[in-house]
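What follows is a group of structures, each given as structure tokens.
You will see subunit A twice below: alongside subunit B first, and alongside subunit C after that.
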Partner chain A sequence: MEQVIQFILSGLSQGGVYALVAIGFYMMWSATHAANFTHGDVFMLGAVSTVVFGEIGVPLILAMPLGIAVSAVAGALIERIAVRPFNHGPSSIGWMLTTIAIGLMLESALTATYGPLGRPLYSPFAQSPIRIGGSGIYAQELLIPAVAIGLMVLLELFYRHTILGRAMLAVAANPTAAGLMGINVSRIALIAYAMAGAVGALGGILLAPVSEASSSMGALIGLKAFVVAIVAGISNARGVVIVSLGYGILEKFIEGYISTAARNSIGFGILILLLLAFPNGIFGKREVSKV
Partner chain B sequence: MTPRLQFWLVLVLGIAGLYLFREMGPTNYAIGVLTRCLILAIVAIGLNILIGQAGLVSLGQAAIYGVGSYFAAWLALRAGFGFIPAVASGIVAASLVGAALAYPSVRVRGVYLAVITIAFGLIFQNVLIEWVPVTGGTLGLTGIPRGEAFGVRLTRQIYFWVAAGCLVFAFILQYNLTYSRYGRAMRATAQSANAASALGINVANTRMFAFVVSAALAGLAGGLYTFLNLFVNFETFTFFQSISFLLMVIFGGVGTLTGPLVGAGILTYVPELFQEFKEWQTFAYGAMLAIVMFVMPAGIVGSLGTLADRLTSKARSRQSGAWPAADALPKDTTKPSATGSLVADVKGYTIVFGGLTAVSQASMRVEAGKVHGLIGPNGAGKSSLLNLMSGFYTPTAGSMSLLGQDTTGWKAHDLARAGLARTFQNTELFGDMTVLENVLVGFHGHYKTTLIETLLRLPRFGREEKAMAAEAASLLALVGLSDYSDELAKNLPFGHQRRLEIARALATRPKLILLDEPAAGLTHGEIEQLKVLIRLLTERGVAVVLVEHHVDMVMSLSNEVTVLDYGEVIASGPAAQVQDDPRVMEAYFGSGAALEDMRKLAETAGAVA
Partner chain C sequence: MADRKVVSLKAASAAALLASGLMLAGASVANAQKAEPCIGASLELTGPLAHTGKQIVMGAEVAIDEINAAGGVLGQKLKFLAYDDQGEPSRAVDNGRRIGEKDNCIVMIGGFRTPNAIALREPIADMGLPWVGVISAGTSVIEWDKGENKWMFRVSMKDRWVAPFLVDEALARSKDKKLALVYEATAWGQGAVPDVEAAAKAKGITLVGKETFNIADQDMSAQLIRLRDAGVDTIITYMVDREATQLLRSMERLGYKPTIISAWGISSQLGKTAGNLTDGILVAGTFAWNGNLSPRAQKVYEAMKAKYSLTSPNDILLPSGNANAYDAIYIIAEALKIAGAFDREKMVNAFYKVKYEGLTANFDPAFEKAAAGAKTERHDAIKPTQYRMLAFHENVLKPVEQTPYKR
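Our next item is the complex of A and B:
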């Protein structure tokens, strides 16, 4: 029982990280029907730049927003440079290649300059574990899913109750019609990518105190988050968060009951089977192709 | 340069080049490097078919290549398989893996395949490293016996020619596939999935087929690699290698015949240059990919091709012919049912989107040789009903039969094969295919040549291709576009695009054709010509459903008219009767005083005219 609680808690933590990255995929996809394929590297950039700011003496409370800002700007730049010029309609594939190119460059440039090894980020919540029913966990780890869920609620409020949020929903539903209503579709895309970058960076910053910030921390997480978002149904924010958390827990159970080595193979295998069962995603609606 | 000429030129020059290379007495090392390059080119050709034809991206091609390689290696080591059976099994294994990955991912969106293949690549690495008893873990499988085929020991010298032979095979396969109905179907699904399925192409199967072909070629290359290296381990089949395959295709030129060969050549020799970059090596790859995408998205061969076209092509003016040219309507196009017999019978078709009932209990009988007009105010559900009838939407309730067969809820491509064709409100042509190819796609369901016959170019392939081209030519003559047949569809003026779309729909040899606002955007003269064409079709016994906003056009052509409002049929019957139906008037103009005014206005207008 103790073990089960441990798995669930640390799984929620892991899932919270996936959720914060996967929400970004949801945002980007809604705005452009494309995404930064290597969004995991923007997530990594947030964590790494926060660590770097900290190391040059910027206090944590300032380094974090700076790190988030770096990722937001990176997200916006990627949208302008790599996505927009290569995304003309549903059959475009250019954006996949350009964003992968940029991700490769970003990651290897940081490996060469920041160094291949991870460095820790200080957090008051990651000093001593708290005990819940015999299992130990850092408060920081519980903070991650809490932030993910809180952010999802905030996002839903934002989408429903602000002009900008509604404009984003309108663009997601029908960019052409939204454009005709006077919404600046291209600016919405830019904002969506910046927001996705910021949310991703937040995930990276929250994760860094428990597992260090390194240039390679983002690639795999980004990819898993993308697959998770697709399996959840990429057009449903709540579904994306739920499936992310669930997948995090699933991974911990695989690690615990089968083996750490098998985590990725079995996890991905299950995701592919889920996609087979729910081609439009578990929470996704069947897309009505406009003819 | 025509593709055919390019194909033969590259084939002959390539083989001659390989022969010369061998005559120069290269070192064993040099032979080994070039053999590896030939093998990588096979993977690149497969990926080029996937990206360039079907418009899908695989980011895990190295893993598929690895499946072929490990499978062959394991069978050779543990089961004592010889070279040919081991490689053949590798091909089968890679194809099966390809099918299993493609099946869940291509049904909804092509992009999913890219994501799933990356995931598979990671799983594969994971399995290779962890499943030590089978894969040998990080050490891999060593001591694979040198292959032997037909009693000949495959030394490096001989193996070079084995790899070269396989590459030639892959190159021929690529050409034969690209310029056949299979290639056209792939390009059609990439350019407009909707139009492709309306022409009887099963989009998901076509995409899956493309991926299986690319996986089979990767599997072949994997097996060849095993017997070249005689040692395999996980380091050859990384995500990075997948990116490198992608680079080969993009660098060479996506969708070009020779692009993958050029790309594989460059990417085999470039890494040696990149050694100097040390830890910036990955960066250099990323930068290379980015630069090609920004500066030369058509790749080397693609850019050269465009340049050559610009230098050699002479601008010539094209003349559109008079249409419809009634004599040109091919006999095969219309094998009509007897005039007046029931073609389609829609009963109570209903579709609900969320809380909105877009079409409610709509019924309609369409008879051979008759025009059935479908009108109604904006948002009345005309297009939704059309989409239901043509299989793009699945009905919530109701039933439909086509030529006596129950077709309720059938998919668009099945309905198309059963004799139902349609055009689209916003024309959906395959813009990057020629006018002639657009029409040829329409014949997809009528080809009888099998895949094997197509790949081997057996006599029946040639005969059938010729017959279809002739029929396509007369359909183009029918709509007066003969002179444009080698022009890309996207370059046609709008009115011509509408004509082409009708010709393409007729290529399916329909019994029933649904025209979704065919007159929108046409000039007055063109509308008159369109009316003549529609009459011509009905004379030949085709049933026509016409959705139009030009009410006078509908009334003058239609035998029967159905009026929709708020998703419901509010009137149905002979044109004259419907015209005077007060509910129809109300739906269009509102009721009471406004309607009176409108009537007066109409009378005055009539008097003036």
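Our next item is the complex of A and C:
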């Protein structure tokens, strides 16, 4: 039983990280039907920036929003430089190449300047674990899925009850019609990417105290979160969070009962099977376009 | 008479041509033998393990500065040429060719990664370029399955010798003699499994558990639960700092505190990222810059501190690799003095005669030719009896004798 509790707790924490990155993919996809393929690097940038601000003497309480702001600006810049000029309709794929290139440049630049090694980020919630029998978890790790779920609820409220949120939904449904109704589609896309960057950064900042903030921390997480978002149905925020948390737990059970080394291959294999069974994603709806 | 003159002229011309040909051939051999007073290096200076290259540069440059300040070698100042291989074997080979052919350096030193050193085996032999490794510990870098290794030497640890050292240390510290191995899923980690198993078998025990993990894993609870439930009290690890931090975090989550004895993938950086959790973690190595230093080591540290603006010995992230590089440069210089010329062949032969008291060990001699009937020479300068156990105490890596964790 201790094992089961440990795998669920650790899995929720890991899944929460996937969820915070995958929510970003959802936001970007909703606004532009494209995404920053290396959103994992924006997630990393938030954590790394926060550590750097802390090291130059900025108090943590200020360093965190500054780190989030850096990622939000990075997200917006990527939309302007690497997505918008290359996204001219459903058949456009240039943005995939450009965003991957930007991600590689970002990671290389940070490895050269920040250094290749991870650095710690202090959090009062990561100093000693909460023990439940023979299992344990840091409060910081419980914070991650809690924030992911809280953000999901806030996002749903935002999309339903604010003018900006409704404008985003309108752009997601039909950008041409939204534009004709007076919505500045370009601006909405910019805001969506900035918000996605901010949410990703929050994930990085929450994770860094229990792992480390390093220039390579985002690559694999970004990839997994994208796959999870696709399997969940990328246009459904609730689904994205549920599948992310579920996948995090699944990984831990694979590690615990099957094989640690085969975690990724078995996990990705299950995701592929799910995608075969649900081509539009588990929580996705079939998109119908009128011709 | 005229005919005789023609014949003798022809004969003289032929003789002159032959003589000049022989002289040219002789000159060409002499040129091939004569190398420049430079020491080339192919290191990871950019990329995810860029700090490893920097550690080697620091140790090597300070040694070269000292040697040059004392007049150089054979009347010439030594130069150090470090090229970036970004951790890629193909780039290491390109750099090796450049060092051996274009720069015509007398010797090359190697970097962190074993695959790069293995990729260099053939080009090094082709060029007849002496190579001295200072970190890459793969057994097959020096012990070749095929062919004779004439040119590759090492001032570092060797994986095949490290495993018994770790097992001995683990058995001495284990109460129940229940040992386990936790290793990263890389060539280095997986390659260690048969070595550790064999070393355990030689001591009459079987490992109770073997667990692996992927690079960048953030939680190792599953592996540790299995080991805890199997009653393991001492774990031998083959991992680097990032994953070691996660191992220690997972141990803290579970409240499980086995003794950790690690191969030297763990560096001083762990003390910065895992803090108090590192206390008592044991690491195999060849040198530590923290703790009480000999007057000579203190002087070398002061030189590095001034040259590279270090704030403390903890800034030397790979203390063993850094000190190995320092000693390797001195062994090369001593060999050149014995050789009496910047001649690669003569220098290699001189390696077997070098006697030098270094930071990491007393090399007496540095390398040994094969004994009668033995298969290979000893091209590893540091013997397993000279390996040291280091331990983290108060977040810094020190010789274990200077910590409460000595046996």
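Just so it is clear, the second predicted complex is superposed on the first by the 289 of 291 C-alpha atoms of A that agree within 3 Å, B and C clash if a C-alpha of one lies under 4 Å from a C-alpha of the other, contacts with A are read in each partner's own complex, and residues count from 1 in each chain.
The criterion applied here is as follows: contacts are C-beta pairs under 8 Å (C-beta built on N, C-alpha and C of every residue); 3 or more make two chains touch, one makes a residue touch a chain.
Bear in mind the structure is a predicted one, so any value in this text is a computation, not a measurement.
*Asks:* For A:Ser214, select first, second, both or neither according to whether it touches subunit B, subunit C, the two together, or no partner.
*Replies:* A:Ser214 sits against subunit C, while subunit B stays out of touch.
*Asks:* Tell me the contact category for A:Ile230 with respect to subunit B and subunit C: first, second, both or neither.
*Replies:* After superposing on A, A:Ile230 lies in contact with subunit B but is clear of subunit C.
*Asks:* With the two structures laid over each other on chain A, which partner does A:Gly103 touch: subunit B (first), subunit C (second), both, or neither?
*Replies:* first
*Asks:* If you stack the two complexes on chain A, which partner ends up touching A:Gln14: first (subunit B), second (subunit C), both, or neither?
*Replies:* Touch partner of A:Gln14: subunit C, not subunit B.
*Asks:* Is A:Pro120 touching anything from subunit B or subunit C once the two structures are fitted on A? First, second, both or neither.
*Replies:* second
*Asks:* Between subunit B (first) and subunit C (second), which does A:Phe86 come into contact with in this model arrangement: first, second, both, or neither?
*Replies:* In the superposition, A:Phe86 touches subunit B alone.
*Asks:* Going by the contact rule set out at the top, does A:Asn264 touch subunit B (first), subunit C (second), both, or neither?
*Replies:* Both: A:Asn264 reaches subunit B and subunit C.
*Asks:* Check whether A:Ala112 is in contact with subunit B, with subunit C, with both or with neither, and answer first, second, both or neither.
*Replies:* Both: A:Ala112 reaches subunit B and subunit C.
*Asks:* Quick check on the superposed pair: does A:Ile137 touch subunit B, subunit C, both, or neither? Answer first, second, both or neither.
*Replies:* The answer is second: A:Ile137 touches subunit C but not subunit B.
*Asks:* Intersection of subunit A residues contacting subunit B with those contacting subunit C?
*Replies:* On subunit A, the residues that contact subunit B in one structure and subunit C in the other are 111-112, 220, 261, 264.
*Asks:* What does subunit B use to touch subunit A in their complex?
*Replies:* 51, 55-57, 59, 101, 103-105, 107-112, 114-116, 118-120, 122-123, 126-127, 129-130, 190-194, 243, 246, 250, 279-283, 285-287, 289-290, 293-294, 297, 353, 383, 387, 392-393, 424-425
*Asks:* Quick one: which bits of subunit A touch subunit C in the complex? Just the residue numbers, please.
*Replies:* Residue positions touching the partner: 2-3, 6-7, 10, 13-14, 111-112, 115-120, 128-129, 131, 134-138, 207, 210-212, 214-217, 220, 252, 255-256, 260-261, 263-264.
*Asks:* For the complex, which residues does subunit C have touching subunit A?
*Replies:* Listed in rising order, the residues are 46-51, 185, 211-214, 216, 218-219, 221-223, 225, 228, 241-242, 245-246, 249, 252-255, 269, 272-273, 275, 317.
*Asks:* Touching subunit B in the complex: which residues of subunit A?
*Replies:* Touch list, subunit A to subunit B: 37, 82, 86, 90-91, 93-94, 96-98, 100-105, 107-109, 111-112, 220, 223, 226-227, 230, 259, 261-262, 264-265, 268-269, 271-273, 275-276, 279-280, 287-289, 291.
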